[in-house]
Structures are given as structure tokens and as C-alpha cells.
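Heads up, the thing below is written out as C-alpha cells.
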Amino acid sequence: MSQFTGNHVLSVNQFDRDAIEKIFHVAHSMEPYARRQKRTTVLDGAILGNLFFEPSTRTRVSFGTAFNLLGGEVRETTGMSSSALAKGESLFDTARVLSGYSDIIAMRHPQAGSVAEFSEGSRVPVLNGGDGANEHPTQALLDLFTIKRELEYNGKQIDGLHIAMIGDLRYGRTVHSLSKLLCLYKNIHFTLISPKELAMPDNVISAIENAGHKLTVTNQIEGVVNADICYQTRIQEERFTSQAEANKYRGRFRLNQSIYTRHFQSKTVIMHPLPRDSRMEANELDNDLNSNPNLAIFRQADNGVLVRMALFALTLGVDDLVSKYEREVVWYTNKSQSL
Amino acid sequence: MSQFTGNHVLSVNQFDRDAIEKIFHVAHSMEPYARRQKRTTVLDGAILGNLFFEPSTRTRVSFGTAFNLLGGEVRETTGMSSSALAKGESLFDTARVLSGYSDIIAMRHPQAGSVAEFSEGSRVPVLNGGDGANEHPTQALLDLFTIKRELEYNGKQIDGLHIAMIGDLRYGRTVHSLSKLLCLYKNIHFTLISPKELAMPDNVISAIENAGHKLTVTNQIEGVVNADICYQTRIQEERFTSQAEANKYRGRFRLNQSIYTRHFQSKTVIMHPLPRDSRMEANELDNDLNSNPNLAIFRQADNGVLVRMALFALTLGVDDLVSKYEREVVWYTNKSQSL
Amino acid sequence: MSQFTGNHVLSVNQFDRDAIEKIFHVAHSMEPYARRQKRTTVLDGAILGNLFFEPSTRTRVSFGTAFNLLGGEVRETTGMSSSALAKGESLFDTARVLSGYSDIIAMRHPQAGSVAEFSEGSRVPVLNGGDGANEHPTQALLDLFTIKRELEYNGKQIDGLHIAMIGDLRYGRTVHSLSKLLCLYKNIHFTLISPKELAMPDNVISAIENAGHKLTVTNQIEGVVNADICYQTRIQEERFTSQAEANKYRGRFRLNQSIYTRHFQSKTVIMHPLPRDSRMEANELDNDLNSNPNLAIFRQADNGVLVRMALFALTLGVDDLVSKYEREVVWYTNKSQSL
């Protein structure tokens, strides 16, 4: 039992640094299970209600897999048209009913604030899997967890980190949440690289400054110099007022191996919230980076499973029991290898 | 092994009073598992084919959860466009094939009679989860089970019950099935409250009268006086010939706390098949009733899981084995509390 | 551990006769589990990623059930609109991410070659569940497995088989794959019965001839005389250049009990890839054949589960462990009976 037991996970704001370090400690301990060196049946018989009122294949499957890896079952709902919400049912009523069908709920919904509203009617803990433009706390946590692990691999830690965030910093929910989480740490250097139209919102800037962090704002990719982490996001052309305006930035923030070699220090880790657009004209993150060992984008996705396993285990109060219910893996696997 | 073992559940008409009491006895014994005081693995390895050719989130998840709570696995199909039925396959063929993929099937389909037709091709027992305007036997059973439990809580029993049914009694499938089930009991007083346009169909009225029950028909909500149970349904305005006609009834059957206090005896239990429309203009069942302990609508939904667990256990002949395969629940839960 | 362990199953072309006989040997050993004489927990804790980017109810459920029957869990994705593929993500990226969520993947996708492309990014074995017009290897294997079992029941074997293939031999993917597999065997007599417009493609004809098999080509159903197996496919009228042309063949290849009695030897086995069109005007495979014991179409579907169980067990290297993890079936079942 801990401060997490029985509680909702709605926002990154509910966590202090100690809480985050507890989550990461448990997430780290989940790796042998995710890599199939062993398995656990600690949640055998428990049921996750995986409610994706807004579709999102990878977040949905990542939650479901995390629960299965702990031994539990998953009952799933995708889409909204078929749901009672469409007939005027309140989120409170929906929660009251659906929380009778599971031990814990992971929920995504297109409307900001909906998951918190739902959680008030729920009789079981609710994990926010994204509520529109508002919050996606497990994404923010897996991003920070990835940063921590990548830095540790290079002998560093989050305190003192230099992170460059690139692209659409205005509408990109992930960079907002990640920035807020980093405000719990010390001596961070933020380099924010974006067109002026897509600059980081003022409230995030203020939070960074109030935390006493160093801030550099530029619209030149060259600003990435010396960053430990380069967090790339997608620029969507429809965000600009005119095609001419968009064209000015076309390819400006593109990353590929030759740009990496020219502008980045040799250990800069590349992150991206995925999916990346791999079409020729995307100018985002080229496939020739796939063989660069510092490309961490797929490790991010793997880390998402660990973080979600940790949140399930903590919320259901079984984090200390996981290893007690350990079992052997008898089937073929090569998941012990790193990406 | 019982009369249920290996048989389909297609209609409430197939049960006599003894059969219903057997189902309710088993449903009651399922409560400690649903409330997570303990769990069972009796159906570990069994597979439910959950075939929802017509979408219905809560009925689908309720069946799936009930099967998981008994230890089984669920393979699910939702919607019809992708199915072979759309290519001219007969329900017999579909059943022949799909029944090879599971040990038992729960099925919903928009067409009346479809589930019975399907069951003729099926090699495993089929539970009807609703076939259009025809039948939805698990809903009728959970309604009656709820009535029984609510009455028992107040020291009463089904025999001698006074039930008021309110709203759309013409098109509301649930009140038809419930009325038929109540014809198996003694000395029921039915008070039917609806606009004339939405009156209870003649065949249900005849069944009530033939069973020797007392019948009061009115279009005034005040008729609810002294009822033990008030079963509220939704009135859909499009059922009326004109807007002027609909307006005459607008709000007439609305329930809220002040109407309850004015017209109801203090222990009248409020039921509703859900979802309820919680939008301001709905005039159905106001949210201020949520703190009224006699509002049983969410207990109804919880009871649905118990009734479906009972039908699975009886149909698969394991009702006597459930407790033999009992296990401890090791994760956090507060489901032992009542709603 | 065998040649199968850890490898993808993308095409029937990757198997030689020994490999196929190994698969069939394991598939045969799965029957007591599928028929519920016993069950196994060998894959307890393993996760199948069941990725149906193109919907196909029965293939999807058959894969999922096969995995459940071995004790494993299933995480499922259906449809493509909600997927990152729609946002320009490459199949390589999708595979990189999704393969982190399971131990093995079954995948269907509308585009030829897509599953092979996906498999290059996957970190776990991928089983092709159909990639457009290209391949559907588990269907070809279950067809051949059915032929083997039906022949054995009649005291024969695949070598020396006389098979008649009827209907649309041009576009019917199943007859192409099955023909290629039969080229691994000896002394097969192929009778190909189709309108000229829908004749077997030249490359398949060449393969049959190069294997030294006997070939008869006709457009008369009477050619089926003495066949051991009659493999019927659907003729779609839109394949013809004109309605007049289509009308010439309308009903020409229809099978019903009276045609069977007139033209077929008494033990000719009827197969069909399903679904069959049971509407009156379909002229395909009439329902009056349902009581003919040689109608093997539903045994085909059941055999699909066995073949998929075998491929899972072989690919995950547990084929020798299945019986070690045997458990009793405690629920009611009548699946021990044959169809």
C-alpha cells in the first residue's frame, strides 16, 4: 500500500518528484517481465476496463499489454457512436455502470476534462489515457522515464539536463506535459526551437522560468548544439495562415543522419512521440536514422509498457507482490535483447 | 448438472418459477466474486464467443466481465459490416463455424428471431443478449432479480408486490418481458402509467389479467402512490403523431427528489433500464435523485453481472464447482461496499 | 526447438513436404484440446497481437481462439482508419512499436506484400493472416490438412489424389495456394472446371505440369466424375464482361444433393473456403447438402483452429510441452462429437 493505492491518475500535476521516482523505480523493476525473462501472475483474475472512446491503437494496446503482463484480463471498448454517451447519458452515469465491470479503468476521450469528470462517478481507479487537448500523463511519464534511462546509459542524470524541443511546441501536448514534469528537477537547460507561430505557450514558459531553469528560444535547428536530448515533434502545415508561410519552414526542422552528424554532439538522444510520418515529403525524422543507436523512439514505446505496468501495480497496491507471483517463461522469445 | 446444462437461453418464456429461483439462488452466490471478496478459476481455459452483431457497450461488457469473473476468456465480435452475414451467409452457417471457436456464445443481433435461428446451427449453448424488438431475457431477469433483492432489503417478497411502470409502455421491451415474468408470481398489483398512445400492448395486459393480478391503468404520475417499485422508462417524443401531442406529456412523468417526496412512499424503489438521458431537457430521472438510497438503477447494472455469471455457470454445469476453485484476491479493491 | 521456432510464416512457398507434415502432425495432436477432452496452459502468460487491419471475423476469431486454447492472451486491433498507418507511418515503424506489445503477431492487411514488409520491422514472429491478393497461408494449410484427414478417413492419402476445382479459378486465391502445396506431393490428378474467363492462371498451370501431375481442363461440371475431393468456389457475376456472358454460366456449377447423386462417386468430399452464399439466387452450394456426410466445409473451419494452434506452438517452440501443461476440462461440453 502506498499513496498511489486506490487513487486515480488524471494529471502529471498530481505528482511530486518523490512520487515520480517511485513510479520509475517500479517501472524499472518491470523490465524483466516485459522482456520475458520471467512472468508474473500477480493480477491473475483482475479485470482492466480499457475504454477508448477516442481510438488510439498503440496507447490502447500498450495499456492492455501492460495489464496482461501482470497476469490480468482486459475488457475493451473502442469508439463512441455505439455508446450510451451518444444517447445523452452523463459521464457520471457511464462511470457508475462501467466501473461495476472492472477493477481498474484506463480511459481516453476526445473532450478535455472528461476523464476527471468520469472518475467522479467511478468506483474503481481511473488512469487517464488522454483527454483531448488537456492531459496524457502516461505519455509524459514515459517520455521522462526514457530521458532518465538514456541519460543514465551515458552516465548522466535528469538534474543538469540540456533538452532541445523542436517543431510544433504550441499544439504539441506532449512537450507541454514533459516541460511541467521537468520543472520538478534542477538546473535544466531548455532550448525551444520552433517557428514563432508555433512557439511554446506562455504558461509553460513561465513555469520553466519560475523553476529557475535556463531557457533558450530560437527558430534555428542549429540551436540543438550540445543538447543531451532532442525531442522532435511533427509540424502540421495546416497550422499556418498561408501556404507561403508554411513553405518558409518546410524542411527547416527535418532531421536525418547527415544533419545529425553536422549539428549534434555524438551522444544526443533523439526522441519523438510517434507515429512519425515516413512519407517522402514529411521532412520530419528520416529513416536513415534507424541505425543510429541514439534514436530512442522505439525504446520510448517499450518504456510506455513499463510505466503503465508500474501505474497499474501501484494503483492496485501489488507493487511489492509482483515477484512473489513469478513464473517461468517456457516459450521462445528474443525479447531479452535491447532495441 | 441441471436442467440448464448445455441448453440455450433464448426467451424468458422458457423458465418456470422454479427455474427462475434457481437462477437467482446461483446469482446471489456469485456476489462475493463480483465484489472481489474472493475469486474463482472454475472456467479457466473456457472461451466465451461474445457476438454483438448490434453494438451495445454495457450488455457486451457485462457478459464479458461475468465470464472473466468465472475465470474464462472472451473472444469478441462487434458490428456486422465486416461479417460474412453481409455476404449472404445464413445464420445457420455462421453459427456452425463460430460455434467451433468457443465453449458458449452470448449474442445480440438487430433482427427479431435471429438468435433462435442462429442457435439451431450452433454446437454450443447460446445466450440471447437481445434480438431486436423480440427478447432480451438477461435484462428481464436482472430486473426481476433487482426487485427481489430490493424488496428483501425492505422485508418483503415478490409475491404481493405493487409495481408502477411509467412512461413508454408500448415500445419498451423491458417492461413487456418483466411483466411476463411477474405473471409467474402471486398477487401482484400493476399500476401502468403512460399516455394513451404509449399504453401497454393488449397481449401483456391479457397475460397480467389471466394471472389473476390486480391492474390499475392511468396517465397520472400520482398513481404511483404506495408502489413498492417504480419502474421508469424513457418517453421518446418521436413516438407521438404531433409535437403538440408530445408537448402535452412533456415533463408529466419526470421524476426528481421533490416529486418523489410529494408522491411516493418513503421506501419506493426507483428502477430504469438505463441509459438515462441526463440532458436538461430530458425530463426523465433527475440527477438530484442520485443521493436517494432508493434509487436502484446502478444496483440493477451490478446485478446484471451476477445474473449473467449465474447463467454461464448453470449452462456450463459448473454452478456447484465455483467455490471449489476459489482463490484469494491480492489486489486493492473497495468493491465490497454497496452502491 | 525446430526449424519453425522464432520464424515468420509468410507464404506457403517457405515450406517443403517435411515441414508441412510436421505442421500436420502437431495440428493432429491439438485435436483433444480443441475438442475439450482436455486443456493446456502451455502459453499461459503469452500474448498474441491479433492485428486485422482488414476485417475478417472468422479468420481473426480463429487465430484468437487457437491462442486461447493454448492458454495465451489476445490483444486485438481491427480496422485501419484509427491506426497510425493512416497518418503516414511506415509498416516498419508500426511493426517496431506493436511488436513490443506481444510475443507473436497474426496479421491481415489489404495490401499484397504488406505482411512481409511489416515482418522486417517486427521483433516477434509474424503469421500472415492474408495480405490482399497475395497469400493466405493458414487457409491453404487448413485446406490441405482437411484433404489429408478426409482421405485418411476413406483409407487414402494425398499422393494419388484426384481433386476437382470448380468455379472461379482465376481470382480465387485459395485454389492457387492449394495447387502450389499439392505440387509437393506425387501423382495428383487435377480436374479444373471453370468458364474460360475464369480459368486457372498460367503460372499455376505450369507449376502443376512441372510437378508431373495429371491435368484435365473443362467447363462441364460432369468432369468431377471420380474425384476424391471437389473444391467449390464462388463465381461472382461481376467478373464477366456482360450480363449475357454471366447468364451462360448461371447455375452451371451449382451443387446440390441431386446433382451430387447424379454426377459424383459416393465418397467425393465437398470443400469450400466459406462463407457460402445461401441466398436463393446464389447457385453455389445448396443447403440440402448439409445432411450429406461428405460435406466437409464446417470441418474445414474446425481444422483451421488446429492448424493455427500448430503454427503457434511450433513458432513459439512449445510443441513438445503442450501435453506437459495439460489440465482437466471441468465444464459441460459436447465438442468431443464430430461435425
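In order of appearance the chains are A, B and C, and numbering begins at 1 in each one.
Rule of thumb we're sticking to: a residue touches a chain if its C-beta (ideal position, glycine included) is under 8 Å from a C-beta of that chain, and two chains touch if they have at least 3 such contacts.
Note that the coordinates shown come from a computational prediction; the quantities given were computed from them, not determined experimentally.
At the interface between chain A and chain C, two copies of one sequence, fewer than half of the residue numbers in use appear on both sides, so the contact is built from largely different positions.
Least-squares overlay of CA atoms from chain A onto chain B yields a rotation of 120° to the nearest 5. Per-chain Cα centroids separate chain A from chain C by 40 Å. Under the contact definition stated at the top, the residues of chain A that touch 2 or more other chains are 73, 76.
Touching chain C in their complex are the following residues of chain A: 36, 39, 41, 55-58, 61-62, 64-65, 68-69, 71, 73-74, 76, 78, 274-279, 282, 287, 290, 298, 301-302, 305, 327, 329-335, 337, 339. Per the touch definition, chain C reaches chain A in the complex via residues 1, 5-6, 42-47, 49, 73, 75-77, 81-84, 87-90, 92-94, 96-98, 100-103, 123-124, 315-318, 321, 325.
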